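Take a look at the structures below.
Consider the two complexes below, in which chain A is the common component and chain B and chain C are the respective partners.
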Partner chain A sequence: MDTILKDRQKQILIKGKDQFQMECAKASLAGSVSQRACVFCGSRVVLYPIVDALHLIHGPVGCAAFTWDIRGSLSSGPQLHRLSFTTDLSENEVIFGGEKKLYKAVSELIDKHRPKAAFIYSTCIVGLIGDDVEAICKKISREKNIEVIPVQAPGFAGTKKDGYKVACDAIAQLVGMSKESKTRPNSINILGDFNLAGELWLLKDYYEQMGVEIVSTITGDGRVDDIKRSHTAALNLVQCSGSMIHLAKDMKEKYNIPFKRVSYFGIEDMSTALYEVARFFSNSEMIRKASVLVKNEINALLPALAPYKQKLAGKRAAIYVGGAFKAISLIKALRLIGMDTVIVGSQTGNKDDYLLMKELCDAGTVILDDSNPMELSKFVQEKQADILIGGVKERPIAYKMGLGFCDHNHERKEALAGYQGMINFAKEVYASVMSPVWQFTKPKSL
Partner chain B sequence: MNTTVSNQRTKTYAATRNACKICAPLGASVVFKGVRNCVPLIHGSQGCSTYIRRYMISHYKEPMDIASTNFTEEAAIFGGERNFDTAVRNIIEQYNPESIAVASTCLSETIGDDMEKIIRQFKARHAGESLPDIFFASTPSYKGTHMDGFHAATLSLVKHFASSGEPTNKINVFPGFVSPQDIRNLKTILQDFGLEATFITDYDETMDNPSWYTYKNLPEGGTSIAQLQSAGSAMASVELGKTLAKQQEETAGTYLNHQFGIPKISLGLPIGIHESDAFFKALESLSGKESPAKYIAERGRLVDAYVDGHKYNFGKKAVVYGEEDLVIGLVSFLEEIGLDVVLCVSGGKSGQMKRILKEDIQIKSHTEILDDTDFEEMAERCREIRPDILIGNSKGYYISRELNIPLVRVGFPIHDRMGAQRVQHLAYIGTQSLFDKITNALIEKKQNESPVGYKYM
Partner chain C sequence: MLLRHTPKEIKERKALTVNPAKTCQPIGAMYAALGIHGCLPHSHGSQGCCSYHRSTLTRHYKEPVMAGTSSFTEGSSVFGGQANLLASIQNIFTIYEPEIIAVHSTCLSETIGDDLKQIIEKAREDGKIPLGRHVIHCNTPSYVGSHITGYANMVKGAIDYFAESTGKKADRVNLISGWVEPSDMREIKRIASLMGANSILLPDTSDVVDSPQTGSFNMYPKGGTTIADMVASGDSKATLACGEWATKDAAIKLENKCKVPFEITDIPIGIQATDRFVTKLSKQAEVTIPESINNERGRLLDVITDMHQYLHGKRVALWGDPDQIIPMVEFLLDLDMKPVYIVSGTPGKRMANRLEELLSEKVPEAKYKNGELADMFLLHQWIKNEPVDLLIGNTYGKYISRDEQIPFLRMGFPIVDRIGHSYFPTVGYMGGLRIVEKILGLLMDKQDAECPETSFELVM
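Here is the complex of A and B:
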């Protein structure tokens, strides 16, 4: 019995020991119990926060039931995105086709909810039963006079990351639809923040303080009409490069909007994200405002962080999250509170991401791509991590083994971005690592 | 039997809006998780398995290592045999299980993968190697809900393992989809009757493990293969769930009956005094012993509580939802304590719920029954009916929040609270716990809304 499968050995690298190029961005190995979901999942997580659109999943019930209100993406207005709609295909439709039901389902829901647009996700079996979803969408679109956009996302057609691209293509159909064409001065689109626990609102506030206009947020607290006029922004800020980079590239090509990759996790990355924008517009007033903002925030933050840092210094963290960019920011954020990263991995990182991780980490750090419970638990134990940072599926691994856990996935209820987020992050890590419960989780003989 | 009760109903919308059911391989996974040293393998794309794991983790708060054959485009076109081969080999390498339980998905069923054949050929290719037992349940979600998957998996287990042998005094217990704590409680009860029972399956420990320290590739507990084999030589089978009893299709209990002549005792989920009495009576006759004093006392305390709390419950309008058999069990109990069950809701579509509620439970004529439905339809009805309390899984929370009424969380899933694994539903002890929760929820609501915050009931 082996914890590390032969076909996965090249997806695990120990810095300072292994010299090979990390393998990544490939299909999960059958039977390995990957923590990844599917193409559909990728498309759904990206599009879901568009709050005034109708999201209907064409397929059997599971894909929709499992994703009902699954993300903590907050809306400042409509809550339509939180309803889970599906054609819930039954055997009859699998045999004779689901087009009729799809047509009826979408038409009825548009009449009832009057959404600004509709996204129709096709899951695994739709292509196989021969439904022409595109044609149905076109027909409904004509009849109801709104955009009805097919999202072809059968789970098997790649990985979660391919789903991001599918979602970006769907959004791209909306971009540029408004008649406005003039580029708005000092304006940006925020791409790739999903307003988990209201994080986007923190960011918006920072940028607005600097005098930056936000044309659209894609997709956190997203609105169809804003996306339609997003081509009038002067700059795209892309976070979570994995998920929205396609859209940024697409908009660069079509509308010549430059983009910058940023991250909002941790003081360093957050501050860079603000300065980059100010510098881009080479507006001295904006630069001044940014530095005042950063200074004020940091002056308030550092003393507040100090007590946590003191207690957490030298503790060891393991990171396993969906997006590599987030993992990279986390390494830096952990360093800021005195902690060492002993394991870092992601579901969807690419070669560059892993190189950067390697660069940032200390020797001996284990770097993982598309890992599984057996590997994670093995390394967590070997490296004697004090806390695991991950999502719902990683949580029981940490808890069962008696170590702390910090939720950094899309279900979280605490904002972790921005300066406020850094404090929340420190508090959460502290609360878990310092809890007295761990005294009982050691083996009894000790 | 009176068959005039119509089960035909048309949903108001073609779409399912906030489904009140989940998919079939999830139900199968719960059953398979109750088999000792078994790794469930879901034959389809990666997403199904990961979503199922996630959904179960949020409820059980336990690791859920469930593998996937991870269909790629190629597999979706040419079939999943190669992926199956890789998956099984990797599972053996990583987990070294005693058995691998395969559940199909909509995808593998639609492309027509013949699992029996694939498994047979796998075994032939690896003849001479020591392989885990591999068995299979067909669980396309377009044919049924998680409960259908649950029962299909149970049936597949007995079909695969049960064999004839010297008759024993053992009892097969098919508990249905209940909580690990329920199984624990039932085990104690059977033990106290001196009955040796095989739970099919026994997900008491596997889904509610103690703290570990070192990661276990396979959690402790579960029904062993030897136990499953002995199901064919048991003295009797006890199958819980009234829809199961009325079902046309074969169940694990009817299969064992036809195949091995094992008498089948069909009971409702023992919730409330009537159904628990029936359960204990069955155990009395199986064991030839009277109910132990402990349970007479439990029953007595329950009756005492019914009396102490009766005024708080009487006439309060309740909406009950979830799996059909759970709903039936709960309604039977709620009718005993004077709650006015105004609406029963399920996403299940056995077609039996309405008839059983009307004929067996004899619910009031004004009780509305909606099966094969979803949460939005339930919400719409609730806005009109204005119930006082909701009783069901955590997915109805949004309705209770909107209507500002309490929700008593039972069944599956409970994603927003601690202790889902330990919710007790069954027998006198479980009923006691439900009774206290429901009555207190109603009391608390009244207390909170009182202008004077009184200190006594």
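Here is the complex of A and C:
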């Protein structure tokens, strides 16, 4: 079987063998069993963790049904975001338009829940049937005196990554709305952490220990009022650069807030993320606190990791995740527990990301952009990986092939960020790679 | 407080659906297509649709679910998706080598007016479909009906494309399966084989989405209805279609196309629906009902007899698909339980009619609603006003279960937080036995956990 489509040859690179530059940020080839999603999906996952806002999906029922409480973004307060609201457009509205239904639905919801803001997502056909969602949002906004923000997210307008930008534009409408204007000393916004399994709370705690004030978290455990005053922060920290870089750039332009790209996975990247903030504020007391924190955490962590490292030494990992920045952190984190990355890929990486991956990996590592199950399984078999790190659609493929799996996406059940996250990650990888079940299922050839 | 957003007071809603009790057509078409051997479902629309459907089916079955997508772009939404579908067909046959591509549309491709039939015709003329390979299709506008409608459309599409009549009838019946689990499809085949009825089952997701762990990933697992069987279905002497919503259109199509007479029966859940299934099958296939089937029925009755005191009068709320709910309500009544609240997002007046027939005398207080605005929020409000003893439905009931402390039996689609549905059937007498066992387990566990020590009993 000819497993690699000709048009995809430039999206697969083997370090030490291929010299070409990755072709990425390309639309998926029609017909491929792509693991990617759409613009709506991208906007929805980014905005969803704003927990005191209303999220209403304007379109046929599916887009609301399939995104009902699927992301484990935890809230320390309101749980409104975990309900599913939709106009459930039917044939009649497709013919005569859905504006009336939308107007009624949003009005009913605002009266009932009194949210801090409302996001109205338009899916594929809303534009085609001629609904002027923007006008309706403006009208309701005036009537109810809250921000009603249209999120124009027709699926066909690009990939998930384009949806991130749509979400950033929606958030940008809230930024700066509070009357405060003075920059707060030693303060940051945390951009691009979605508080999966409570990870954000770990990070907040680290920064607070250093004496840093957190103005807003966008969007994990997010609050509308915090976003409105997020322009008063002195620095933006951007994780998962794919999703939030637009907003950071936008805030730099409008409010002159500098930003730093960080990652919280693995001890190297986590420590860098703390030191960079302390260095940015040129505050010696903060630097001292950061180094105490890092030292304490690492001193506690390394002995705890040792037994896992011993067992996992030399095991091989395959990584296929959404964002490239995450993939890069994972290569380093895996190395820390003695594992080699033999395959690494992402759905949405750019040229620089792939160059960095190439730099980090050992010769022979396969680097993939926008892969599919056939390719993944072919390379996993060739490279004899012991574990695949990916998302919901990759898990059963890994299991069928008799290798371990770690969900580094929406369905993670343990925090994987920060120092605590590193030990959780090691435990999870260990539990899966070393599971006794493989003795019954692993084919002899592996 | 977690998830406590449902007020007791019920206000009429005009436009807003909260926590839907259905999803859209395309996922049903995808699931039905998985029940065809060597078939790759294909979603003609934006990438997200395909990704959502695959993720949801994967969460439900914990299995790889493969499907292609036309990956619509801004351009396709303006100029139509023909180029995307043509390219898809070519790419899929080149790299994934399925025997069949089963294309379904989406809200987007329907609204822009893509003509799937014409595009597939063009692919054939252009030589993009290799000899001996097939492209079938169905239209699944997401704004009509529900996931069940999509399932029905794909089953009909498969029959429309493949079934052929040679003019010579064979001693065989067609069983068209409604939307049930692979375990149920396996059980239906077992029952037919116990009865000695020569049969073809369409679709058949057993050995596809419940495939064994072998150490290798296989894009086309061994199960699924074969092309030969689908072709031969046109020569069968009769069709028994299980579940009106999901199978009626296909049965009618087969009769019109190949003159195969059909009967519609409920999905065989519970005693009476299974009785009807077995009786109809025995008549159509001209076989007698064997002792072994009677014994299974007897064992189910025996368990109900033994335990009926624990079931009497218990109030139940159900949600899901009409084809499953109707026989389930009938079964609950036979268990002397009270199905008091029922919602289904799937439209169709027949549902209210059937429920009326079943409930008007026995449970006059029952409330039921299907179609627009029949959602989980309404169900929860009814429960808040007067509680029930048991919830039966898909995973989305877990919020109500936790909020109201009500035991919860998972049945239907999707179930994304428990396993078992893939492996243990709920159809047939043995499936009925499993339902009773589960219900009793839930009710008695609650009693054991919550009753005062003075009335805590060892023997129950």
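The working rule: the second predicted complex is superposed on the first by the 441 of 446 C-alpha atoms of A that agree within 3 Å, B and C clash if a C-alpha of one lies under 4 Å from a C-alpha of the other, contacts with A are read in each partner's own complex, and residues count from 1 in each chain.
One rule holds for everything that comes next: contacts are C-beta pairs under 8 Å (C-beta built on N, C-alpha and C of every residue); 3 or more make two chains touch, one makes a residue touch a chain.
Owing to the predicted nature of the structure, the values given are computational and were not obtained by experimental measurement.
Superposition of the two complexes onto chain A shows a clash between chain B and chain C.
When the two complexes are overlaid on their common chain A, residue A:Glu253 makes contact with neither chain B nor chain C. Look at A:Ser34: by the touch rule set out above, it reaches both chain B and chain C. When both complexes are overlaid on chain A, the residue A:Leu80 reaches chain C alone and has no touch with chain B. In the superposed model, A:His113 lies in contact with chain C only, and not with chain B. Overlaid on A, the two complexes show chain B and chain C touching the same residues of chain A, namely 1-3, 5, 27-41, 56, 59-68, 83-91, 93-94, 101, 104-105, 108-109, 124-125, 128-129, 154-159, 373-374, 377, 381, 392-393, 395-397, 399-402, 441-443. Of all the residues in chain C, the ones that touch chain A in their complex are 1-5, 13-20, 22-24, 26-27, 40, 42, 45-56, 58-59, 61-74, 76-77, 83-85, 87-92, 94-97, 106-108, 111-112, 141-144, 146, 211, 213-219, 345, 372-373, 377, 396. Residues 1-5, 27-41, 56, 59-68, 70, 79-80, 82-91, 93-94, 100-105, 108-109, 113, 123-125, 128-129, 154-160, 373-374, 377, 381, 392-393, 395-397, 399-402, 441-443, 446 of chain A are the ones touching chain C in the complex.
Taken together, the chain A residues at the contact with chain B in this complex read 1-3, 5-7, 27-41, 56, 59-69, 83-91, 93-94, 101, 104-106, 108-109, 112, 124-125, 128-129, 154-159, 372-374, 377-378, 381, 392-393, 395-397, 399-402, 440-443.
Note for the complex: chain B touches chain A at residues 13-19, 21-26, 41, 44-48, 50-55, 57-58, 61-73, 75-76, 83-84, 86-91, 93-96, 105-107, 110-111, 140-143, 145, 209, 211-215, 217, 376, 395, 398.
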